[in-house]
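Each of the next two complexes has subunit A plus one more chain, namely subunit B in the first and subunit C in the second.
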Partner chain A sequence: MGIVFHLAWRNLWRNRRRTWLTAGAIAFSTILLVLWVPIQFGAYEIMINASLAVFPGHAQIQRPGYQEKPKIRNAIDNAETLAKKLRASNQFVGVATRAQGFALLSSGTRSYGAQVVGVEPVFESGTSSIPGLVKKGRYLSGIDAQEMVIGAALARNLKIKIGDEVTLIGGGKDGSVAAAILPVVGIFESGSNELDRFFSEIPLHTFQNIFSMGHSAHAIAIVGKTVEEQDSLLTALRQETKDRNDIVILGWEQLVPGLKEGIQVDKVSGFIFYGILIAVVVFSILNTFLMSVLERTREFGLMLALGSRPKRIAMLMMLESTLLTLMGLIIGMTIGSALVYWVHIVGFAYPGMEDLAQQYNMPGLSRLYPQLDLFNFLIGPGSIFIATNIVAWIPVLRIRKLEPVEAMRTI
Partner chain B sequence: MSTVTLHKVCKTFGEGKLAVHALRDIDLEVGNGDFVCLSGPSGSGKTTLLNMIGGLDRPTSGEITVANQRVDQMDKGELAEIRLRNIGFVFQAYNLIPVLSARENVEFVMQLQGIPPEIRHQKSKEILAEVGLNGMEDRKPAELSGGQQQRVAVARALVSEPALILADEPTANLDSVTAEKLVELLRHLNDEHGITFVISTHDKMVMGHARRLLKMHDGKIIDDIQQR
Partner chain C sequence: MFPRITRTTMLTALTVFNLASIAPAQALDAAAIIKAAMDQWRGTSSHSTMSMTIHRPDWERTMVMEGWTAGDKKSLVRVLEPKKDAGNGTLLIGDNMWTFSPKVNRVIKIPSSMMNQSWMGSDFSNKDIARSADIIDQYHHSLLETQTADGHKVYVIQSVPKEDAPVVWGKEVLRIRDDYVLLEHTFFDQDMKPVKRMKTSKVGMMGGRMVALQERMAKIETKDEYTEFKMLSAKFDISVPGSTFTLSNLRNPRF
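Moving on, here comes the complex of A and B:
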């Protein structure tokens, strides 16, 4: 290996400028990939956290079929008791019981359909950011208080302000008419127009009384330590509810399928961009090696004349390709990992990001942090390494066809 | 015993009206330890004949035997093997690998033969000393004169202890003094090691050193002169 290695290494430096340019292209792409893939995955993490923090939580307990068809009758019996048991296990960051229905909200001459959610005010802030998003008035005061908080757009549409009363008319669980007049004590702005236009919350026991729910509710929202630990969260939930066969446990991907699909689409477009970037690098390497083979045809002819097999010359070329690629990758990975580490410490923010985070009660949104993961770190450099080694075969295949006499005549 | 035997060797380049008959029915025997010069005008077939003997090219017809092996019937791999083990080459234009030092150029062939590094190092040093390049082992070809480069090429041809060394116009790019020194070296190696040399040349000085002089014209050997 000794002389072949020396030969390969020194051949790289025959044309220093070309070698540095090629290695530089590899290094630049590697830096982009090493830095950007973890940031991209970090952004997904923030997107997921931000979306789940508003209302769904990391997981929910529901009755089978409720997620697909949210009928008021399909409710969990003694939901609060189950929620208490889960809280007592101390395995979860937040547990809150919810009852959900649809009603017509009226004020004066205006009426709008809205989702009405019965919540446990004390525990709701552990699973939802809405209590912290109340911009006017206050959040709900107690589990049986006769009051309501509504989204800003809905308040605008109904032309109501804090202290005004809203008439609520809907259908109860037992088929009776659910009706109540509740004062609005708070108006929230979630950052989602859709949510602010049709969403309202009232205390859980008030909801159960108005909608004839008894002690039942429709969902128990649960938040674990991090979204990434969902598997262990679901396992713990299954363990805690193993005596209940009337419920199902749903992870966030089932609760918000659109979010997962959106991320998948973004991942695909991201990887298309990375693919183009890798293709540019690969063509740069291919160009370097085609030039190198053309320039050294006479030398390869000499090697063949001296008794070298084409396979050995191909090995030499592959070694040169590997050394050049590794050189670019090492430079790129060193600079890239230093940048990733720096961004991991200080975070990454674009103008207005912190204001947005403050506005929507999501401190986690104020800065973006790369997701440190060995796979994210190696996927880019690994792809470049494999792709360059594959294309290096194209000039190498030319060597197989070389005849020593003809090759040595090449100028 | 013959090192090289050719029987009715023909080589034709191209076909039909464009066909060029580079060698025509060549019959030749070169004995062990001989020092043969091929002379003749450009296009007479000297280089083509050397290429045929060295397994660098294949004859259109005829039989070629080198070191008791039929070269004309060998495949690419077998030809590479016989070039590596039995034949040394010295080309007109030095033909050294530019990024390797003199020692590494010599060792390159030994590495192809699978000789361990310690032996390679020792042997290359000895051979470079023998061709008069003591102390220049670590110089790159660009740091050597034309004559010195050609001596490295001779050392590289010698190091595999071949039965035959083929030299194609080895003095063509050298001044007369350097050329004479090189030919004296070749002759010395022939005398000392008994290696068979076949050299193509235009140079009368080189021809003067030959034991046997073969004159070629239009792809044929027209004269075979034993000199001394």
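Moving on, here comes the complex of A and C:
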């Protein structure tokens, strides 16, 4: 074994420039993969956090069927009591009860349809960034205050400013006409077109009075420590609500199905790109080895004639390929990890990103950080290592066909 | 039903007449039957009371309403019962729709973006209420077959919207009795699958004419969710003052 290794090492340096070029190609693609995969996953994390932070939360408790068909009658009884219990368990970062309905909002001359959400003003900021996004005026003051906050585009459409009254007309839980006049105390700007155009919030008890809801509500939004801890969050929720069989617990994938699908599509296109990158590297390796086998046909013939078994020569070749790949990988991973670490420390920002984050009340969004996890780190180098070792077999298989005498005659 | 407004103005009447002279006889018949059925509903004017029951598997609610119509463009409905909703009203003039709620004492115009929303929580959309008479001039009609039922001839008419008609339906199929009572009205989506159906379950004399006394609108897929109308009283071809159909009368009832 010692001699085979020795031979392999010496063979590698027979053509320095070629070896360095091939190792460089491997190193370069390794750097790209080691750096880019974690950044890509870090970007997903930010996307998920940003869209969940605005309104949906990490999970919600609803009545069965409400997510598919949000009917005002399909409401959770004594929702506030349940929310209070969840809050008391101290396992969740944010818990907020919400009642939701659709209504016609009118400023007298203009009318628009909009989503109206009854919220607990004190707790809503724990599950949604909207309270922090109020750009004009203030957020709701109390759970039974007669007031309303609306989206900026909706305010513009209705032509209203802080202090103006909005007439709300919709259908109550009992089928009666729900109507009220509420002054607008705040206007929020979330950056989401949908929310800014079609969204308004009023205090929960005010909502329950107007829409004849009694003590019921439609959703309890919950925020856990991080999005990744979804499973333990759902388990804890199930544990805390096991005495209620009239509700369902929905994770964010179910609340915002489009988000996960979008990420999946992006992942697929990312992996196609990585696949191409790996294929290019693999072909350059294949080329190197094919050349080296061809130019050493004489040498192999001689070795065979001297009594080397084809197996031994094949082992020599495989060892050369492995050594070359490992060299490239080590260089690539060293530089790549240094870069990832650097990005991890200083973050990755593009111009304007910070302003954007500030505007949308998402402090975590100002910089992008790579998602450091062993899988993300090793998937690139691992794929390159496996792929190059597989293609190295192609030239190696040629050796088995060599006839010693004939091989020694080739130039 | 009160807002089944026949929107045939003189102009459209003329168009229908003109078409009649060149269209095949069958097409003329179908369009004429539909127009006659619409006219049967309201006459030149009407004043009626009816009840509307919204039924859901776990829930039911009945409202009593009073309605006035004049010509084919104007109608007014006001809720009488339950007490909680009494005084809520809807005014229709042409394609425009206003709603009034005594709770807030405001009249609000329903924007066109809300026309697909349910009317008073029922299985009818605002559009159904406001535009049901579009079927006369916005559709091509053809007589599919003539059946016999209970000693009456029943015409089955298929109405396909014209290319530029602002409707969501792929087609509609109506069954109309020979005395112009509408027995059944089925709405099909663009894939020609039936979506919802209105069925007349009781026909009788009221206010001097033969009308549908009880009708039920239900989605095809969920038959246990429906909205049922019952005619309680009706007068036709009476004089209704023009001031009935004004915003001020919607707000402060005088009629």
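Brief remarks follow.
As a convention for this text, the second predicted complex is superposed on the first by the 411 of 411 C-alpha atoms of A that agree within 3 Å, B and C clash if a C-alpha of one lies under 4 Å from a C-alpha of the other, contacts with A are read in each partner's own complex, and residues count from 1 in each chain.
In the analysis below, contacts are C-beta pairs under 8 Å (C-beta built on N, C-alpha and C of every residue); 3 or more make two chains touch, one makes a residue touch a chain.
Keep in mind that this is a model prediction, so the values were computed, not measured.
Superposition of the two structures on subunit A leaves subunit B and subunit C fitting side by side, clash-free. When both complexes are overlaid on chain A, the residue A:176 reaches subunit C alone and has no touch with subunit B.
When both complexes are overlaid on chain A, the residue A:295 reaches neither subunit B nor subunit C. Of the two partner chains, subunit B is the only one that A:309 touches; subunit C does not reach it. Once the two complexes are laid over each other on the shared chain, residue contacts for A:10 go to subunit B alone; subunit C is not touched.
Here the smallest spacing between CA atoms of subunit B and those of subunit C, following superposition, is 72 Å. Taken together, the subunit B residues at the contact with subunit A in this complex read 51, 54, 56-57, 76-77, 80-81, 83-85, 89, 91, 95, 97-100, 104, 107-109, 111-113, 117, 156, 160. Contact residues on subunit C toward subunit A in their complex (touch as defined above): 54, 56, 58-59, 61, 79, 82, 84-85, 88, 99, 101, 103-104, 106, 108-111, 113-114, 117-118, 120-121. Those residues of subunit A that touch subunit B in the shared complex are 2-4, 6-7, 10-11, 14, 299, 302-310, 312, 403-405, 408. Listing the residues of subunit A that touch subunit C in their complex gives 73, 102, 104, 106, 108, 110-113, 167, 169, 171, 174-177, 179-181.
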